[in-house]
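First subunit A sits with subunit B, and in the next complex the same chain sits with subunit C.
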Partner chain A sequence: MFAFTLGTLSAIGGFIDIGDLVADALVGARFGLALAWVTVVSVIGIACYAEMSARITVQTRRPAFDLIRSRLGPGYALVGLVGAFAVTGLLVMAELSGVALALQLATSVHYLLWVPVVAAVVLLLIWVLPFETMERIYGLLGLTMLVFVVAVWHLDPDWPRLWSSATTPVPPASESWPAYLFFVVTLIGAQMTPYEMFFFSSGAVESRWGPKDLTEMRVNVLVGFPLGGLLAIAIQAVAFLVFFDAGIQVEHLAETVLPVGLALGKLGLAIALLGVFAATFGATLETLFSTGYQIAQYFGWSYGKVQPPAQAARFTTVVVGLLLLSTALAMTTLDPITVTIFAVVFSATVLPLTFLPVLLVGNDRQVMGQLANGRLSNTLGTVTLAISTVAALAALPLLVLTRGGSS
Partner chain B sequence: MTDHHSVRFTLLDQQVVDADGRRIGRVDDLLCDDPGPGGEPVITHLLSGAEALGDRLGGLTGKLMAAVSARLRTTPDGPSRIPADLVADHADLVHLRVRLADLPDVAGLERWLSAHVISLLPGAGDADQ
Partner chain C sequence: MRRRVIALVAVLLVVASAVWYGHAPPRSAQAYQSRAEETAEALRSQARAAELWVRAAAAGTVTRQAATVAIEDAESDARATASRFDRWDPPPELASTRTELTSTGAELVETLTRLRVATHERRWEDLPEVAGGLGPLADRLTGDLTALRRGLR
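Entry: the complex of A and B
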């Protein structure tokens, strides 16, 4: 019981990361709830693929990415590896900056001073803490994000207006169609991130999940991701209520948490900041490990935290090296919010590359036997793949056309 | 799908684990002896490592991968080989009869990083447990 509560929490934590915190607030302030439907679609899509990749692991005791190379060959897997590695690597820098920004908001010390401190703490934690303890700590702390849902009520909203905004999936009068579509793609990229899938299935290998854990895994997916989606919509809603009528644009993480401060005072703001800290910190660990998993599984290196670091030297070197590189990149004063938006748009462009092989392996009865995809998994999986393909093709043209969503 | 036994699915690209169950690499390519006219080729060695994989992939990416990997290699000749008779079982993973420590040519980068970088840090554990 305790275990599945925690697994559910880590699914929430995996869903909400810096990309969501930035994109949801930005979208809420400009479009109200007119993009809330994207979150609903994303929750269904990512839940479907997370379940599929965890089921593959339960059946084969190997993570999905591991099987992609043995079933689909090294050439295809290499394309997927390069795409996913680049995007997830960029996200490490964004998440790391997100933790530092949360600390800046709490302490008024500039985030650039926090970046190396956060990186050192991350390094120490991945060195000393076992996998499950790591997940539990940030999973529990991430629960404080629910304060965003409470804030929606405390802002005393005009409910019919919220509902009509959510059920009118067109841009408001002040916005153009290309900008609207650009943020559809941005939200898809922010909410259906491939690293959630890699992390979920590699975590299942490290925790040695077998068929008996199938129910627990499904509960985690079916409760955790929708709760994450609820949080995302709550962030959009509070930004809508506070910023939309005033015409204020969200440009900083401070504006994501500001509505909570307005609704619930200093204490609410503190809780929201703790939530932001936990979510981005957890996501830093998840993105970091995911990049290590991807490359280690492609080349067949030993990986993970079950053995001492010296017995997974190549994996450990990749993870530590990427952390140092991300720290250096963050210290260049590159704007973390801009990097986040670019990272999630690029993430949308590689999404189908990571979905397709999981769908193919999930359908491979020679590998999956009794646990092969059923009709529901295949229908949802195919629809999600189609949506993500359209988003992937439209992402870069829209990025250029709207100049990063600014017009 | 038909129930075939092509090496493409049963051997090539599979995960290699040593006698201790430690992941040491993948079957990146295979070495066969020359069967002569009419004979069936016999697999003599498994090739493992990015050098073998790069050679097999070909193209610019493959050449780059092979060149970088060859440059990092400490032993003089070619991609690292594992004699085929050391394979105990390859039903799912490719299990070897020996430990990684008994295969001095395989996973050189792993050993080097372990000995020269990771083991120097406190709490890294023992590379050879």
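Entry: the complex of A and C
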């Protein structure tokens, strides 16, 4: 059960975070299910690399970022570190704001008043709660997001139309190809985030996974990420059913949860808000720890959540410092939804830097021995790397050309 | 060292051009028409979203807290959308587009403001009546959008 919650947290906090909640609803409202194939590709890609990085950790007892530095040198690792830090730093701010926005929807108290409160609670939890307890609480609470799947049925959809939309991977008449491609990149950036892998492999080191844990790890990956993908497609589907024909564009988190309210009433809405709260809170913790892991592993500091904060002082300082910085950034009144869209697009640009070294190490038979990549891992890993490279190269030109997807 | 400086300057120029491209006002009739279409789409979306929230609140399927936040958001979005469009100078042949869209935008903002005030005063039973103008405004914007796409304005 405990091992399963690690996978669930990675799936819900990593796959379904503020980036996904916003991007999925936005895409569903504008393109229907015409981009659902991107979610399928992303699930396969991130599951492949999470499995690979956890397998590397099992074999070497070293997490992904540590190996990136030793395999490709400090220069390459530094570029990856700066890129991943900038993106994950923005995401911490977005996740923190996501928690505050969920609380705003529940109470109608402005989200900026919630931001410092949420930051204080995060700080307190990091300090006092054991890692496993946090995983269990937010992993299991995040399962309430399944309410989006139930809402699809309650909205009494025209199933042939949903199927037709999902199997017609072209933009609808009202949308342009550049906008369609921009949202392909956005979804890739939202659903295959580098921090998921760092968190997964560092968590595996902290949990001291060995070869006997490989099966559990694979179950986590094969259940957790597809579950995240199912939730993502359900969010796209409910947004399609409620907003597409009315021409409503999703601009706020409120619109992400509205279809659940329309389908299941106040209780459904409350459950959806609880799910959003849990997913964004879990993702806040994941992004914070992931950034701490990256920096600590690059500089060779001791790190980890299983240790008391004082025994990993520099790691804890990085995590707390980033939390304070993100809180200050959120308090500048920058629109969290806009920041989220930019963060996931920038995240797409650094993806290949993260994937390449993992694929190289996974293939190294001297390091990996019998646990080296098989044909399936290599094929999926290479295809995912190729897709992420194309997405990385296209991300910024499409961002500019479509003015952030608006045209 | 010199190569790095050149590369840095090139990157800064690209970034500056990108920012300019994203924020520059429309300078041709075609660009203005395209921005007018985007504005009409956004305003229509904000009108219909607010209408949906009001109907859901009246039917008791969403909480009043969530509806209040959504109506506040719709108002501030519509205000920002209308004001951004208002700041762009139209080419002479599209002056009527500006007049029509600015006027519809102002009416929408006014309706949404009255809705927001009603929610803050907890006059929940009045919301459907106050929101009554949103449907016709959204229909008007659909008409504007169709005309813009056909190049009639």
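Everything below uses one rule, namely that the second predicted complex is superposed on the first by the 396 of 407 C-alpha atoms of A that agree within 3 Å, B and C clash if a C-alpha of one lies under 4 Å from a C-alpha of the other, contacts with A are read in each partner's own complex, and residues count from 1 in each chain.
The definition used in the following text is that contacts are C-beta pairs under 8 Å (C-beta built on N, C-alpha and C of every residue); 3 or more make two chains touch, one makes a residue touch a chain.
Computed from a predicted model, the values in this text were never measured in an experiment.
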Note to self: Contacts for A:L113 in the overlay, against subunit B (first) and subunit C (second): which applies, first, second, both or neither?
What the structure shows: neither
Check: Which of the two partners, first being subunit B and second being subunit C, lies in contact with A:P74: first, second, both, or neither?
Finding: first
Next item on the list: Scan A:I248 for contacts with subunit B and subunit C and give back first, second, both or neither.
Entry: second
Next item on the list: Go through the superposed model and pick first if A:G261 touches only subunit B, second if only subunit C, both, or neither.
Entry: second
Notebook entry, point to check: Which partner does A:L324 contact after superposing on A: first (subunit B), second (subunit C), both, neither?
Noted result: neither
Notebook entry, point to check: Should A:F299 be classified as contacting the first partner (subunit B), the second (subunit C), both, or neither?
Noted result: first
Check: If you stack the two complexes on chain A, which partner ends up touching A:W127: first (subunit B), second (subunit C), both, or neither?
Finding: first
Item checked: Partner chain in contact with A:Q311 - subunit B first, subunit C second, else both or neither -> first
Note to self: Could you list, by residue number, the parts of subunit B that touch subunit A in their complex?
What the structure shows: 1, 3, 9, 13-16, 22-26, 28, 48, 50, 53, 56-57, 61, 92, 107, 109-111, 113-114, 117-119, 121, 123-127, 129
Check: Tell me, which parts of subunit A touch subunit C in their complex?
Finding: 104-108, 242, 246-249, 251-252, 254-255, 257-258, 261-262, 265-266, 269-270, 273, 396, 399-400, 403-404, 406-407
Check: Once bound in the complex, which stretches of subunit A touch subunit B?
Finding: 60, 62, 66, 69-71, 73-75, 78, 127-128, 299-303, 307-311, 313-314, 316-317, 364-366
Margin query: Can you tell me which positions in subunit C touch subunit A when the two form their complex?
Written below: 18, 21-22, 34, 38, 41-42, 44-46, 48-49, 52-53, 56, 60-66, 68-70, 73, 77, 142
